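Just so it is clear, A, B, C and D label the chains in written order, and each chain counts residues from 1 on its own.
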Amino acid sequence: MSNKLTHEEQEALVISDDPEHPANLISELCREFYKLGWVTGTGGGISIRQGENVYLAPSGVQKERIKPEHIFVLPFAQSSVPKPGSKRDFLRIPSKKGLSESQCTPLFWNAFTMREAGACIHTHSQHAVMLTLLHPRDAQSFKISHQEMIKGVRIGGVGKTLSFFNTLEIPIIDNTAVEEDLTESMAAAMEKYPDAPAILVRRHGVYVWGNTWEQAKTQSECLDYLFEIAVKMLLAKLPLVGDN
Amino acid sequence: MSNKLTHEEQEALVISDDPEHPANLISELCREFYKLGWVTGTGGGISIRQGENVYLAPSGVQKERIKPEHIFVLPFAQSSVPKPGSKRDFLRIPSKKGLSESQCTPLFWNAFTMREAGACIHTHSQHAVMLTLLHPRDAQSFKISHQEMIKGVRIGGVGKTLSFFNTLEIPIIDNTAVEEDLTESMAAAMEKYPDAPAILVRRHGVYVWGNTWEQAKTQSECLDYLFEIAVKMLLAKLPLVGDN
Amino acid sequence: MSNKLTHEEQEALVISDDPEHPANLISELCREFYKLGWVTGTGGGISIRQGENVYLAPSGVQKERIKPEHIFVLPFAQSSVPKPGSKRDFLRIPSKKGLSESQCTPLFWNAFTMREAGACIHTHSQHAVMLTLLHPRDAQSFKISHQEMIKGVRIGGVGKTLSFFNTLEIPIIDNTAVEEDLTESMAAAMEKYPDAPAILVRRHGVYVWGNTWEQAKTQSECLDYLFEIAVKMLLAKLPLVGDN
Amino acid sequence: MSNKLTHEEQEALVISDDPEHPANLISELCREFYKLGWVTGTGGGISIRQGENVYLAPSGVQKERIKPEHIFVLPFAQSSVPKPGSKRDFLRIPSKKGLSESQCTPLFWNAFTMREAGACIHTHSQHAVMLTLLHPRDAQSFKISHQEMIKGVRIGGVGKTLSFFNTLEIPIIDNTAVEEDLTESMAAAMEKYPDAPAILVRRHGVYVWGNTWEQAKTQSECLDYLFEIAVKMLLAKLPLVGDN
């Protein structure tokens, strides 16, 4: 760890009276996501990039009980990409014993570097997982159109909002044994589908990003709504695309 | 903007210790509606008309995080109908940068002018949307009878309450690319179905109104209950009308 | 109204620091029941009998917003049974304009007089209503066995708890246009099924009672659980009785 | 009762300012579990073993209203196994009249003695019960694989976490009339399936344990998620094992 900050400087990175400080937001939003069923059983989470700093929740902890002092802070500029096995630079590591940064770190980085996202949310929502299960094993993507909630989703997650008549398409990638091993296939899907605002992971969940935490959150809500109604439509044998 | 009020007079329109002040109610009710799944992803909302003032939430923001100072106030008497492309008179515009009034404004106005409603609620409830999806493409309305919850709904949304033996009928209109473009078709449906307490919008949601915010809210709850049970009944192949 | 109490004496009947005072309990429990979906749209509620006093919520109001000062108090001993058209004696009528006592009053009285219940809960739970809809039109009762949650239900609602191997049976009566008109048929069903802990009302909801508010509440929860799982079992074509 | 502690020493066992004290945790967690639908109608609960002390909630009470002073404390070392009919040693019995310790006591003890667990959770989750109902009557266990949430579950509930490619197997035992009578069959299933992190009880619910309360809780969440999605998959005729 190449951290040169004093203990006081490190603490100042996460302790703030401002409810919109990333360390406070991550704690609050994880509590909200827990209520939505997105991050039960320590799964899922959110990372926020503010300027040159990236704020990360710890791995494998109860997400609804995170406190600001549990937050990791990394410089966005890393000496190497924070992929599996690579070295990672930290600005702050929580003093609480046994915490390690989110296993989703390199996946969040995909959103930050490839889409210049300001925040990335990962959920284990059952709607996302059931949707992948209801797709054929070899389906490459999920498509839906003619839904008002599509209008809350941005092209590529960070561009202009979609229209009611647009078809939203989200790639589905296979899950891997280790979360970090999704890094390459997620990046490949993001390159192949530049307009996609999210990546579905079969039998696992979804990654959603946005320019800001607000946009990442509201797009996560719109997409989760669409995943849920798509599951209902598939079970009722209604077509997802078109206005029948 | 023909606003002649001072900044202090404008602020006084929305800052109040009274929890039943429209600006406080809109903030509180939007938080409640969020928990019900009615206004996720910035969708939906509520407008309250009190005397000659109309209170509106901003467009495209997280509805569960609205504060009273984010509320727009318009005179009910407008120099022209606040339809797409028309000028709108304001009494107060929030000082926070980037806020614009709800895109549902002309639709709320339909309820205020055609039904003399005191409040109008718009939700993206999945029960409403699934109900429209389970109706044939050319269905003009949704009908249900013999449900206790029908008794909580008023004729035309503002008249006497329905009886258990009445058949409730709610028109279904097609969605449009831009929310304001629903204005004419919603008005036409309200004219054709004078007894209807709400308008369903296919693949989008529902508009519900009442004499007061309490009546708009309780009718929204009764209708959402009926939409939900109607979806369950249709999936179980039970008839919606009659007492079989 | 034969009320001889002074205004101060009347207020003392409902204003208390004790969270277990019936007027406080009714307000709190209605908020809880709202979250469970039992009393949306002004429907449903709870009445508590404490000694010779009966505490009642108002009719047609938002149940999750009831305050202790909105509570009616009646003497349990009435000059005539508080049935439709009959006179009712009050100890306290809320001073807030426009409130009238719950339309369920004579139905709650059935539980108080026929079962010596200390509390009676009425819900519009969709699980109860769907269950009645999934029963044949001429079914007289709902039966279920071999469910752990049956053990939380008492014989007749006020006797010994049932065993896992007992078959729980709850009569289903037809709904009527006016709630009070259910009085006779509910009483007849309670006489015919002396062991039943509740009465289901087709296309309407359920009445559940107990010796105390705690027993009425926990039995309402057990029964609602059983209604919900019974609906799921019927839709999955699983038999409700027996251990297949 | 072989209790030699003074009243003050007994109270000191459960009254603490530390939110992580077992008596505070049991109260808080039962409120949380109630919101999840795991402990409605007085069912279910959690026991925590801390060093040589075991903390137990009372039997047959509203689990969401438990206070620290309602908690029983037993020495982990008992003069005999706390099975049906056996004597039990207590360190503290609540002074509130009518409370008796959880009927699950010997089942919790199974987890403490056979797995050296630090906490054991029992829920009546409908997902667990529906899952047992959707299995053939003679099925001995539930199996699932290829789900990300499997990675939150530990071998035997207390060992290493499972991999995405592992098949999770949980035995299903028959329910009995009296909860304590499950003791032997639960122990037998735990011996036969040493890797199982939980025991499903047909038509009843599930027992889940872990090294700590945090692990018992997060594993209960992961398993409940898996039970829920398994029910959805069975209803949609999707295989639970394999990656089709």
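Assume a contact is a pair of C-beta atoms (placed from the backbone, for glycine too) under 8 Å apart; a residue touches a chain by one contact, two chains touch by 3 or more.
Values in this document were obtained by computation on a predicted structure and should not be read as measured data.
In summary, the pair subunit A and subunit B forms a contact in which the copies contribute largely different residue numbers, shared numbers making up under half of all those used. It takes 180 degrees of rotation, in steps of 5, to superpose the Cα atoms of subunit A onto those of subunit C. Annotation: 45 Å between the Cα-based centres of subunit A and subunit C.
Computed centre separation for the pair subunit C/subunit D is 32 angstrom, with centres defined by C-alpha atoms. Along subunit C, no residue makes contact with two or more other chains. Contact topology of the protein chains: cyclic, one closed ring where each chain has exactly two touching partners. Chains touching one another, given as pairs, are A-B, A-D, B-C, C-D.
The part of subunit A that touches subunit D in the complex is made up of residues 40-43, 62, 124, 126, 129-130, 133-134, 137, 175-177, 201, 203-205, 235.
Residues 146-149, 152, 163-165, 214, 217-219, 221-222, 224-225, 228-229, 232-233, 236, 238, 243-244 of subunit C touch subunit D in their complex.
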